[in-house]
Amino acid sequence: MSEAFERKETGRIEAFSDGVFAIAITLLVLAIKVPKASDLGAGGSLLSALLALWPHYLAFVTSFATILAMWVNHHRIFTFVQRSDHFFLYWNGLLLLLITFLPFPTTLLAEYLLHSEAKVAGAAFAGTLVAIALTFKGLWHYAAKNVRLLTRSIDPKDVEQITKQHRYGPILYFTAFAVSFVSTEMSAGLCLCLAVFFGFKGWPTRD
Amino acid sequence: MSEAFERKETGRIEAFSDGVFAIAITLLVLAIKVPKASDLGAGGSLLSALLALWPHYLAFVTSFATILAMWVNHHRIFTFVQRSDHFFLYWNGLLLLLITFLPFPTTLLAEYLLHSEAKVAGAAFAGTLVAIALTFKGLWHYAAKNVRLLTRSIDPKDVEQITKQHRYGPILYFTAFAVSFVSTEMSAGLCLCLAVFFGFKGWPTRD
Amino acid sequence: MSEAFERKETGRIEAFSDGVFAIAITLLVLAIKVPKASDLGAGGSLLSALLALWPHYLAFVTSFATILAMWVNHHRIFTFVQRSDHFFLYWNGLLLLLITFLPFPTTLLAEYLLHSEAKVAGAAFAGTLVAIALTFKGLWHYAAKNVRLLTRSIDPKDVEQITKQHRYGPILYFTAFAVSFVSTEMSAGLCLCLAVFFGFKGWPTRD
Amino acid sequence: MSEAFERKETGRIEAFSDGVFAIAITLLVLAIKVPKASDLGAGGSLLSALLALWPHYLAFVTSFATILAMWVNHHRIFTFVQRSDHFFLYWNGLLLLLITFLPFPTTLLAEYLLHSEAKVAGAAFAGTLVAIALTFKGLWHYAAKNVRLLTRSIDPKDVEQITKQHRYGPILYFTAFAVSFVSTEMSAGLCLCLAVFFGFKGWPTRD
């Protein structure tokens, strides 16, 4: 098959994946439920009810930043991938499955952050992010090992840099997972920092 | 009309269909409801409540893999279809209707897998997949019979291979449907295997 | 501004609209709620509970076919529209507003079809479709009257045919609206027929 | 990196953003809940129950028009932006976060418009729009200050016009925010007017 055809095929996989990222990131807000008027109580105000929803805002922002960072990372990988095969499709499918699953642990974290079972929810959330980081590592390693999936014109320094990034990703998220057994808030905060400070590194800009 | 115009028109149908596939696959997670804190009970833990949701995870993964495999299959067909007419539009519309409907039997299966009425839910789920497989068969046969809907440059071996695939698809899903009257778990497991092991065969790669 | 730039701009409006159509059509299924196990009762079976949901299936299929037909119609108009201005944007925005609103009267129709207040629900459903048909008429008339929004290469016969189609559309949907005061089922059935038999006429194929 | 590559990269950010806009605008309708038959009461009719939902229709139309106007504005900015860097990505990400969040204050406004706590809901709604307007201002200023993010061929008059628009946007929305402490209906009405009358100014047409 021609190179142009192969480019177009990986372009299609990327466009489909982009759609899934965009939908998953927009569905997150559905988990934040408006407080019912009947639940406000006699003395309770709407303002205090809205402030009490802070775990939902934290979980929303964390998952939003995470999916956005994942999209940046996914796009970066696809900038260099020129061909696909069945195993690559499987890796990408597993990644999308975990991304679309993310709204569930996000809601779980939000609902249980102030509950005595918070640690289970925090571990489920951070654990899902560990799984996503490992899948990204697998996707990239598969594409990079089989050098034939990458563009011929790739700079070895770029390969090295992305490989390094995927070496640290799972370790950092595993740290957040371990921290969740000590403090759920700290674990969620660490996940937010990872998305905001490290996630956007991957965009192919010239600065 | 020019060939380029026709190509663009089928391209638009495919892009719209891709959007529907991407949204349907991402909506599946909305069916997995977070256990309510008030439902955990005195001795019940969140962990055990999460583990008890396994039918939802199974249904989620099965439908996710199925829609992804359907997308691969749909894309493969459209690689060879160059023109469209009203009947082709109808076939494609029927296919999209069934794909967007899939979240309903998926939730049904998840909610009733451990219930005494599990077999009805399993039959509804596998039955929907039979209907999808038959619609795919109809779509392809219509396009391939009316040779004028395919690209002129198509290899007869490709036509034969896709035709064969659509001969076995409905039979295999019908088997899953029949099995659902014996064991719902086995039927759902078979549907998952069909999506994972056969579904991705259709991607036009060169391996 | 150059013609290529204008083409690209209307292309963007169409792509955004396509996304809205694809999402609205896929959200329809969320209205079909799985029967709760606790609602099945002692003697009630899941099968009979599923069959009792037929108004939901009817409303789902009707709205699905309607949105798909609207998408075909929308695409047909945009095949001939080459430029846009603020009023055209307003017409298109009003159209999208009504399309995204459609899931609400759809659910209303499904929930009340067997209720004593069915006629109100049927009138709301058919009335929304009248509003959509009138908005399409307005969009087309605005684009066609201001000849400058259409491509220079348009065949006057095509203009005449689309104009005729938009003359009958509102009348036919108004008939369905009037019928809803006699029989909700007949009105919904008529809306389904209008979508299936007339809606797909507009696709620019060569048959 | 080549100019074509940079163009393609900002094109990707815009396409992803467009997807988020299209999904957020279509999700708004999910907040309008069909009145339950059991809630109609003995003498209450469906028609009066539907009319009583008017705060939901108002909130729906206001947010719909707002997101559409934001999309027009976003597209206008991206017509002139040719390159991106990390800070630009952050600004855009913050904008998308606020857009995807909008369905929450929209529902809040609808549910509490007739409640004694209406002012809190109105302030939350208008406050979110102030935040969006400020983020747009930040996004544009960052891109325009760093002249290198804009296309070289940009007309200084266009820059001036967009800068002026983003000077007034936050002030106008802040006015709506201030009004919300006097009258929630007036504040929501003002937000609707801002979206309908000022929002569409930005589309690059030739009228």
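Should a chain be cited, it is by its letter among A, B, C and D, assigned in written order, with residues numbered from 1 in that chain.
Keep this in mind: a residue touches a chain if its C-beta (ideal position, glycine included) is under 8 Å from a C-beta of that chain, and two chains touch if they have at least 3 such contacts.
These figures come from a predicted structure and were not determined experimentally.
Here the chain-to-chain distance from chain B to chain D, counted in touching steps, is 2.
For the touching copies chain A and chain D, the fraction of interface residue numbers used by both falls below half; the interface is of the different-residue type. Each chain's centre was taken as the mean of its CA atoms, and the one lying most distant from chain A is C.
Chain centres here are Cα means. That of chain B falls 25 Å from that of chain C.
Between chain A and chain C the centroid-to-centroid distance comes to 35 Å (mean Cα coordinates, whole Å).
Looking at chain D, residues 19, 23, 27, 30 sit in touch with two or more other chains. A list of each chain pair in contact follows: A-B, A-D, B-C, C-D. By the touch rule above, chain C contacts chain B in their complex via residues 18-19, 21-23, 25-30, 32, 34, 37, 40, 45-47, 50, 60-61, 64-65, 68, 71-72, 75, 200-201, 203-207. Residues 1, 6, 9, 12, 15-16, 19-20, 23-24, 27, 30, 83-86, 89-90, 93, 96-97, 100-101, 103-104, 107-108, 111-112, 115, 117, 120-121, 124 of chain A are the ones touching chain B in the complex.
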